[in-house]
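Structures given as structure tokens follow.
Heads up, the next two complexes both have chain A, just with different partners, chain B and then chain C.
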Partner chain A sequence: MWRFFAAKGAQYLLVILLTVVLNFALPRMMPGSPLLFLAGEEVGFLSPEQRHQLRALHGLDEPQWRQFLAYASNLARGRLGYSFQRGRPISQMIGERLPYTLLLAGTALVLATLLGVILGAAAAWRRGSGLDLGSLGLAMLLESVPSFWLGMILIGVFASGLGWFPIFGAGTPGISPAGWPLIVDRARHLALPLATLTIATTPGVYLIMRYSMLAVLGEQYIATARAKGAPELAVLRRHAVRNALLPVATVFMLNLGFVASGATIVETVFSYPGIGRLLYEAVLSRDYPVIQGTFLMITACVIGANIVSDLLYPLIDPRVREG
Partner chain B sequence: MTLLAVLGLTALFAPLLSPYDPEETVADPFQPPGRAHLLGTNDVGQDILSELIHGSRISLTVGFLAAAMAVGIGTAVGVASGFLGGWVEMVLMRAVDLVLVVPFLPLMILLAAYLGPSFWNVVIVIGILVWARPARVIRAQVLSVRRLEYVDAALALGARPTRVMLRHVLPAVLPLSLAQFILAASGSILIEAALSFLGLGDPTAKSWGSVLYYAQARSAFLSGAWVWWVLPPGLLITATTLGFALIGHSLEGLLNPRMRPGGGAS
Partner chain C sequence: MCSAIVLVLVLAAAPTSSGQAGPLRIAIGRDEGSLNPYTYQTGYPGWNIMTLVYEPLFTPDADNIPRPWLVRRHTVSPDGRTWSLTLRPNLRWHDGRPLTADDVKFTYDYVRRHPHSRWTPQVRSIEGVETSGPTGLTIRLDAAGSGFAAQPLADLPILPRHIWEGVVEPRRFNDVVGSGPYRVAEIREGQFYRLTANETYFAGRPRVREIILPIIRDATVTFTALKAGEIDTTSRPLSPEVVAEFEKAAGVKVVRGAGYASTVLQFNFEHPLLKDVRLRRAIANAINTRLMVRLLLLGFGAPGSPGYIHPDSPFYNPAAAFAPSKTRAVQLLNEAGYVDRNRDGVRDAPDGTPLRFTLLTLAGNPIRIRAADLVRAWLRDLGIDATVVAQEDASIIAQVWPEFDACKGRRFDMAVFGWSAPVMNRTTSLRDLFHSDCRLGTLNIGGYRSAEIDRLGAALTASVKPERQKQILFEMQRVVAAEVPVHVLFYQDGVYAYRSERYDGWVYQKGLGIVNKLSFAGPPKP
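== the complex of A and B ==
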């Protein structure tokens, strides 16, 4: 068990390290002065003295490895630098946006996993039935639908067409600061982005669960369980679903990166103020430090979620506990 | 299949088929579909049908080139790690795991933001991020091919390992690479659409994604124009992606009956 965690831990550290190195190297590798990426586009209008000052400020005249150490130690202390569009600390900007993304992506992930597992298990259990073929076809279709387009269609039909939901944002400005109206308002804003992200994520889980169930249902122990007279529902719940969940757990972790990607684009479509939207805004305004900060943060979130699911994995697979 | 053939031909003969120049203002803006403009016009009066016909060129080309790149890397990595084993395999497979963990769209946005939007940058960015899955699948296939007698025979005859790898193992996995190529093309077309939708695609070319980008940027929803402006490009993307995915999966199933649909779990 400890070997498993050690290997995983080393891998995650490596991902974070690579992300940091990439963030460090990109502005310095690009043609032209790195100042353009570190301090903004006004650099062109500066006098040589001001330029020199800026170079000194960012330590650009020091050897590369010292620059990197300085950069990394700042990061370790939570200093992500400043946005050059708004002059605000990036960590603060991310802090404001992060709860929205966690709410959206977290809820979507839980919903999609539940839906995918239940539908996948049901489809495999009734293999070849209308339910199975119908849901299989639908899942294949939904896998191919671009999530941003799905979001646009939902806006077109339910928000601007029927007027059931707001078109963009996470809340109506000026609404009372507490109580039910606030919660209802937030929920109404969350509904369409959440639906989009859930619909985009469910097919992947469903397809794996269905396949894994089909494999498990062909195993000897299922036949044994039936032969000893266990009721069908008990066979389904205690023997089949439990074992079929293992590959789903693996895919669940791969899905974390996918959900983070999906959240980025869904937030953009709905102007939902999470960190994905922040990343997009930063790209539009060429705010490079913010692009880097949000990318690092998104990666860190995905790694964090990976660690949580690694810690939970022994609960469903006893072999890891013993090994 | 037929659908994809039609799309391919459309892309090939785009200038002949499209009724108007997609870059020209040919009518009043926001015209609903009519006889002169089958799919209506956009915010600056360009013919949407012509935009889509021309867009199929970019979308398909980017998809194919990126997929070719991804499967090229994937096959090389898969064959090398599966055949050579040892530390080569360990290093390469760790790299695959790394790429699979990183959230790919934010990484693409980061890379695209620095490299700047252009046709080749989009291809390269997609290519270097999609190779991990083909690499895994192909490695699994190489591992099973390696155990076959003819590989042992070649090695026993004194052929150098590199020669065996290139002459005997590689051809055995090429059909599977083809299946992976088609699947990767399906994924790449989706990703290209997403990048273009975010405004990170080639700014000088029309693709299905960039048509949607303009629809979003010009608030097509408020004018009710979305029915003919947003629906068609999305349906095209879906149909193309689905078409490639179905062909890819059935090829994969044909070549390796034990292959898991959806891959991933190993």
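== the complex of A and C ==
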């Protein structure tokens, strides 16, 4: 047992070290320089000495390996550094965005999983029925719809058309409500991005659940259960759904790790201040420290989810324990 | 849950609070830092919003002519090297401390020591600043400063010495105590800014009580929000295809004015074929810029002037006008010996090199991509083969303008590129764009060389009289038009929409737009 954990731990440590190196290298391999974004639009008017001074200020004039050492040693002391562009501590920037992303992407994942499981199970249970064929077609369709387009449609219908929801943002700017009005305001702003993301995620879960359920329904123990005279609902719930859930659980755990990476497209369309947008904008402006910090945080979350999943899986699937 | 639903409905139906002076919601496209001179991001609207908080001594008027603002009197010595300024009395920082000549001296010195791409080059020519009393200033320059009133006087915002004195890393300093008509009340990064009026502003109470600047990344969403009344205007110009829709919309007014941002076909002067002026002229003749304006901008723009300067600018030389002609293009190519020698449909140079080029353009800008494609098609008609390559911003810069340093060379053939509006407004813009010395021709990304431009550029820098400057600029435009180091395709008009029932006091600043200080405050009484 200890050996198992030690091996796992070493594995994760290796992944994290590798990520630190990649995080450093990849942004710097992109063409383009952070100088414009450090300096603003009139960068062309700077003298060579001033350019040099500006680069030196951010350590960009040092050889790459020294920049890496500086980055790694800061990291070892728990410092993510400062954003080139905003001049703010990255941990603070991530800390501000993370709650929005967790709220949006986390809720969407839970909702999509619930919906996908219910619809997938129902479709498989009534295989070939109108419900099955209709939901299958719809899932295929939604699966292939780009989420920015879906978001635009929802904005067009429910925000600018019916006026039920705001068009952009995470809260009404300029008012500082508290208590219920605050929750309502946040919820209204969350509604459309959440709907978009949920609609975009559900088909994947639905399809997995449906196929998994179909496979389970063909198993002999289902026939046995029926032969025992178990009521249909009990067969469905106790024997079929439970077993069919395993692949969904795996996918859920995988997705859970990625919740922290946000939903770049949906966040951009709805001007929602999450991690996805932070990362996207950092990439566009070659803000290396923010790219590094954010990716590291995401990696940590994915690994964290993996650890949890490694620990939980034996509880969900007894066969793993024996194997 | 039920009560929540009721509340949602109530809030959805509640009318937005109205009032004659705001709050006004102006959407911007991206984050602008903490809105101080070292953290704001964009030339427009970033600078314009930042100068609501931090003020330069002068302010550009609607025609971009620098006008005294914090300054009550000013005189320039006959040689143009000594500027004497008297500040207005009783200027105050937002924290109540007096704004004095000492702050000005401090600021001009501070930006020299802490490099900033916009401010630092502006104070390069300053030899010394002397103060006399709290309002008197004498600034000495190392040479006559033709553009001194525009930059730094009307551009560089004054910093409060008592706050910035000890700041060594200005880019990590997020203080926002300024002297302008607005105070920064709230910043939510990635979400919005909230500014409130400085009720004791020296030039009178600002005309809008509160300004909210939500950040909306997506253009379509911005326009949807404006139509739905969720915002009152935006710093984003309307895309040509939505203008008609906004002109019809109730409660919305549309203003239109010249735009000084340019879209150009940039030639690489170091390319063995493109250094031939006859080839460049032939290419320019093949491009129907008038049709481009109609097709791509739906008429909301002006065809490019061959001398670079926009026709609405006071410095425009009408003699440098140009009418493209395909016949002329063909004639030029034939005369220069560019004919299709191997019958493959592409003309070849006398030495046999085919006229094949790549044409770089920005992937994120649909208008530029379509412009590049039109250029490609017209060149094709002429027997010149151009391949359009669209890439993202940073990649284009890496090839066209490596590290934003014209001295670092270039690796491209042709590019559909563009310059922002402030480039047009600089007195020295033509020198910056075309001077052979890359340290002066900081924007000469094509590596163009011309002794005549260099001579004129030197004369321009040394002149202080507007009439003389104009004369020199006319000459420079003539040279540029004849030699075609770039071919200006068009200038897109600034078309802006706003909800007039919310606020109707907007001032269109030529070449830029409506989000500027003149729309909200002043001008101060003389």
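The working rule: the second predicted complex is superposed on the first by the 237 of 323 C-alpha atoms of A that agree within 3 Å, B and C clash if a C-alpha of one lies under 4 Å from a C-alpha of the other, contacts with A are read in each partner's own complex, and residues count from 1 in each chain.
The rule we apply is simple: a residue touches a chain if its C-beta (ideal position, glycine included) is under 8 Å from a C-beta of that chain, and two chains touch if they have at least 3 such contacts.
Source: prediction; values computed, not measured.
J.: Is A:Gly156 touching the first partner chain B, the second partner chain C, both, or neither of them?
T.: both
J.: Just checking: does A:Thr264 make contact with chain B only, chain C only, both, or neither of them? Give me first, second, both or neither.
T.: So A:Thr264 only meets chain B here.
J.: Which of the two partners, first being chain B and second being chain C, lies in contact with A:Gly218: first, second, both, or neither?
T.: neither
J.: Contact-wise, after the overlay, does A:Gly276 reach chain B, chain C, both or neither (first, second, both, neither)?
T.: first
J.: Contacts for A:Ile291 in the overlay, against chain B (first) and chain C (second): which applies, first, second, both or neither?
T.: First partner only, chain B.
J.: Applying the touch criterion given at the start, work out whether A:Gly229 contacts chain B, chain C, both or neither, answering first, second, both or neither.
T.: The answer is neither, since A:Gly229 touches no partner chain.
J.: Quick one: is A:Pro63 in contact with chain B, with chain C, with both, or with neither? Answer first, second, both or neither.
T.: Touch partners of A:Pro63: none, neither chain B nor chain C.
J.: Examine A:Gly130 and indicate which partner it touches, taking first as chain B and second as chain C; both and neither are also allowed.
T.: After superposing on A, A:Gly130 lies clear of both chain B and chain C.
J.: State which residues of chain A lie in both footprints, the one left by chain B and the one left by chain C.
T.: Correct list for chain A: 30, 152, 155-156, 159-160, 167, 268-269, 284, 286.
J.: Give the list of chain A residues in touch with chain C in this complex.
T.: Spelled out, the residues of chain A in touch with chain C are 30-33, 35-36, 38-48, 50-51, 53-54, 57, 82, 85-88, 93, 96-97, 152, 155-156, 159-160, 163-171, 173-174, 180-181, 183-185, 187-188, 268-271, 273, 277-278, 281, 284, 286.
J.: Please output the residues of chain A touching chain B within their complex, sorted ascending.
T.: Residue list for chain A touching chain B: 11-12, 14-15, 18-19, 22, 26-27, 30, 37, 140-141, 143-150, 152-153, 155-156, 159-160, 167, 204, 207-208, 211-212, 247, 250-251, 253-254, 256-258, 260-262, 264-265, 268-269, 276, 279-280, 283-284, 286, 288, 291-292, 294-295, 298-299, 302-303, 306.
J.: Using the touch definition up top, name the residues of chain C that touch chain A in the complex.
T.: Residue list for chain C touching chain A: 3-4, 7-8, 11-12, 23, 25, 30-31, 33, 38-43, 115-118, 120-121, 124, 169, 171-174, 186, 188-192, 194, 210, 212, 214-218, 220-221, 224-225, 227-228, 230, 392-395, 397-398, 401, 403-407, 420, 422, 432, 439, 442-443.
J.: Which stretch or stretches of chain B touch chain A in the complex?
T.: 94, 97-98, 100-107, 109-110, 112-114, 186, 190, 193-194, 197-200, 209, 212, 215-216, 221-222, 224, 226-227, 230-231, 233-234, 237-239, 241-242, 245-246, 260-262, 264-266
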